[in-house]
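As written, the chain order gives the labels A, B, C, D, E and F, with residue 1 at the start of each chain.
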């Protein structure tokens, strides 16, 4: 079998997956190494374009991470975190928004469009897509919000026009103020609201590990009760908890399958979508 | 690189082709060994379903060939040919139509649908899709016709509904009578009428050969003038002439590229569509 | 009153019927003498075209009957029947399908189109319109099926395009195989599924007769309970039972009126539709 | 052949006419005896409903005639005419408009709707359908106008909703004032503007007569040049001139056929439309 | 602040009202002085055009009043009333219809269109918009009807086309006869049927007065129970009762707010709609 | 005349302007003091919402100005300009994009949405709206670009959904890189491409002044030749030149009227649009 024949063969093997996700919404939380490494970033965007052309409806949600802290430091501000949440005073919020909506978001959009897609970047302020309240917390974290309401009109309009939405995790408050919100949360809520076929969270780990030091201890599948128990029991690492919770939220809200995958692997999205076994950890009802 | 990674890689390589044929009509003349061998037939239908799902608009045209003669013999009639054209008296015409529209056509339709497509079989009589006149000939060939008019309403309606048309090469005459018409001709005319992106003729040879006995003498590309000269010069085999003429007709009518490919190779369609070099012979303006 | 005035008068009398069937689906089982006699066949097709133009939505279902046996005999096979059902081995099934979908169906389509309609022929395989299971039977009848599922997408698409569907009673099985199914059954099931305004079965008798030898014993109307009782009591002839059952099935499924009419009368369809008294036997809820 | 069979036969004979006027606009000037006699009026409205249901698009234009003079006299005003045109002072204009738009128009609308149609009455003021200028004249006729501009938006909207427009011959001037305009003129202009298939003028004569006293001298067909010559030559009666001119205007504007028919005959419209010979006089390009 | 700045300021103040009535139906009963005085009439029509352009959907209902009596007297008939209802014999009905549908209605339509709107006049006969029965009464009032059924198809069609409906209070009976109906009643019923955002009745008083002789005794708001009690208690004047009842009917039928305003004030409609306090009396659930 | 009456009066005066800009695109370059002062900013956004609700189609283009320099300084970079153009190295470009697309843009969007509009922010990267080349210059300005191509698909899609586009003046290059482009240029090009009804440039001067020190020397109107001559003659200030050129470009491209207005006046947009005299300088063909 020469290479061309092999190519044809592999396309044919992809058919059942193409068929079953046809016209389905796939909500992807893009983050971690896959957003930092240029080669990985280009590859993720290419995968998104491919998914779009074979009839799927990918929607990206992203946060910012290291870039925000970097710009803060350039401006002489030292980033501060409480329990993994960024302390967000007004000046920090301004930087968060500039970086997420003005730099990270437009970078992803440009990469998708450069590879033939038609992406449009949105923040939660656009068309009041994500409305937030101040998040409850025992220490004041400033402009850290939690999702209160999602208005999906703009997503419907973009879908009808054949555009790929790329959403930064900045929300608008009741009085027009900005809120910094967790991108995993947004992804979970949006997936539920849109009744997405899948939620896929791209992380820097292979998935949920029973033993954090042993990559062979990967948990392939979890039911909803198992996932809830796991987050309660302390058996998952601190950083993994919001991710598992986002998956739980999505599946409770009607999403068929939620996945935590390793974004450090090239073409991780395609490997998840176009194979039976998938990769990482899958949470289902 | 493990197999899953390789799969992902190959899908990514397919992206430029998927992108450039998105929402484009591809007119495929299905015939020869690919229609006789069960395994090849299943594979062609699968390729069609794949093309459909990745956003292309394949339309199939087919003739009948050996099956017609077989049924004729079962009914005690000996098939007769003049210059490769079937002598078609009224009784033969009835058999031709039964076999093409009732057996071959429905077999292709069933195979596509069984693999997840939504095919609808048509003969030239349905919605008066193909209207024919009696073909001119120095000996009377009976109900052998040539295309006079094509009414594509039904194809537009089926496209809007997301159906894959499968067309048997039987035409209707002005008085409602049936005509046996050459499937290559129909494919060429339809491709021109629909301004298809491509016409692909599936044959039992590797393409146009400079030396019919030497498969290394394959002509990869031909311009329109070269193709016309070739058919005039006697340099191509008798059986190849109507195929080259169909390609010439299509390209003259505005089709970008016409291909003569080897349908005996598994996934020949995909190999043609999803690679830069393609396979077989390509005729362009 | 001269002829022209009389014409005008009769058109005016037709108005209430035109008005009340406007945009309504009329499911017609076409069969018997009306399908054999050329003159009657032409007239039925003309009636269908008329119905179409005055705003009704006729859909035809047909079987094959004598033509199948004829082709079988030409191929040296002797037709066999058990309780009126054709024993259908693989070879017979192939002949049934060729004749119904390739000959009878296309003949009806051509006649309608020749008279100005836009008919499209379908078998149950097209767009998986009719899916069947093997029919239960105490003797093995081979590929004789019964309706399991009906997919009406293609009928909606054709209706939107202004086409008249003509459906041959061949179904597709779960594994892509062909099934020979009773056309009366198909008509009854389709009428129910589409919530047709009327089901009209064209037969070779005046309707249901209390005394099979006395055409004056015609039963004009039957309620559903009466119809059920009649088939149970043995008071109707064997051949009539599947027809009454198809009517019962349709009316149970929401069809307002089901009719068994005499297709041997010219313009029988029009006489049924455009008069108050109608012809034949009517079964209502 | 019994009556039911004869009915069916006549419906079948109507088919070619139904087919050829399908979705075509037929502009009918309704007037004369057919608007005065209750029985004829009911019949005309029924014919319109029939035409609507068999897929034609009838549009009615009407004037008023005797009713206007009658109401004027009730109000103590004596009607005055110059060359057949009503002298229309402000008070008379008010009466003309009340009678045409408030009485005659609504009477026609009610009759059509009572027989199952969906008619909507319009005057030229509605949606500024007919804009007029004061007609040039050597004596001042007051508010007698001639058509300056036609705005057919409202007719398109009503057609899309399946409504039958009934238009009274009252126009609006540039300053919002009312104008009395000749209904034949309006019908001719509207037919031209809409590129109607036919213009039919209902009159109280059999058509154009070579000898006004001899009904056998009916001219069946006229070409445009012949019609122009006829009006110039004085060979047609005074009252006939505006009618012939309206026909000429329509045919010049692209209408295929214009007819002057005898509205005193019951079902005159149907007799014109559903027969080959038609009735009255036909003017063609 | 110069005049231009003041203009801008006032437009900005109008924004909240424009926003909240965007794409909402406002049912306006037009009557009284505002329909008699030329200046007021022009102003009301201008207000309607403004409402249309800023995205609201005004629908007008009107009666006739003094014009009917005037024409009756011109024709030598003396108007007669019983309990404020016009005794309507056949001849009177004819005059009522002529005046309302042919004069008043077309006058309003012309004024709206002259100021840039696209109004279409309707009576209850058009598209059978308002079907009535004879109103019950202890003395025979002739053709006085009460609303039996409302068919809003034509209003939907006109809305889709961007037209402003102007409806005269004439209804059609089951047998095609005309009925004189109270315009307040029609407005209330239509508002309920269309689930209008508001019903506004234009009158010749400031609103509901506790003391009819004291304009300072205006009741600004009434709840449904208060309104019902008021009409029962005799505390409102005789002429006001049908108006309050129309409001009650509308609010019971789901209309948010019903208003009785003073149409003698220029731009009364705008003052009601574009201010918080509004004018006149408002009845709410 | 009390205040409410005056309000009504002014709304009525606005009608002709509302009518003439109904469904028309108004391209607004937002900048200068109106973007810095919070009160003015709120007012501009309110004006935009008003324009949207009364049926106009406003599109905003904005640059950044002082905010960019401010953030640069916070990051320890000194802004540099050559002939009024910002020297834009890679790091500066990153800041420009963050500030414009992430801060300024989202601030405008939030203000519009907070006041009831549905705004969506875009940069030239979104859906490849603005593609640029490096601008020619005798000194290397780095990533300063000029418009090469405009893709308005996304604007059509947003218009269909009723969204207000807010566009930051950042463009995408052929290789996916970012370009800093002049917002006046973008506004002029976009206005031409969209055949906008108007281009309005908001500035910090009263318009074009013959004597820069004398605000009474305002030029109210300029023809295209006059405008061209003015920029050539040196009679306008340096900063005004790109604004006049943008107007010239728009008017050459088919825009009816281009305006340079004083954004420091509250409600300047409304004063321009809703009055006959307008404000500032108007350039027409």
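In the analysis below, a contact is a pair of C-beta atoms (placed from the backbone, for glycine too) under 8 Å apart; a residue touches a chain by one contact, two chains touch by 3 or more.
Treat the numbers as computed from the prediction; the structure is a model and nothing was measured.
**Q** Quickly list, by label, the chains bordering both chain C and chain E.
**A** D
**Q** Moving step by step between touching chains, how few steps can get you from chain D to chain F?
**A** 2
**Q** Farthest chain from chain F, going by the mean of C-alpha atoms per chain?
**A** So the farthest one, by centre of C-alpha atoms, is C.
**Q** Rounded to the nearest 5 degrees, what is the angle of the rotation that puts chain E onto chain F, matching CA atoms?
**A** 180
**Q** Sort the other chains by how far their Cα centres are from that of chain E and give me the top one.
**A** The most remote chain is B.
**Q** Can you give the whole-Å distance between the Cα centres of chain C and chain F?
**A** Computed from C-alpha means, the inter-chain centre distance equals 68 Å.
**Q** Measuring centre to centre with CA averages, how many angstrom lie between chain B and chain F?
**A** The answer is 56 Å.
**Q** On a C-alpha centroid basis, what's the spacing between chain A and chain B, in Å?
**A** Distance between chain centres, rounded to whole Å: 45 Å.
**Q** Which positions in chain F are in touch with at least two other chains?
**A** Touching at least two other chains: none.
**Q** Considering only which chains touch which, label the overall pattern as line, ring, star, complete or other.
**A** Topology of touching chains reads as a ring, each chain with two neighbours.
**Q** Enumerate the ring members one after another: first chain A, then chain B, then the rest in ring order.
**A** The cyclic sequence of chains is A, B, C, D, E, F, beginning at chain A and stepping to chain B.
**Q** Under the touch definition given earlier, write down the residues of chain D that touch chain C in their complex.
**A** 4-16, 18-19, 22, 43, 46-47, 49-50, 53-55, 115-116, 265-267, 270-271, 274-275, 279
**Q** With touch defined as at the start, can you tell me which chain D residues reach chain E in the complex?
**A** 71, 74-76, 94, 97-103, 105-106, 109-111, 113-114, 118-123, 125-128, 153-154, 156-158, 160-161, 163, 170, 172, 175-176, 178
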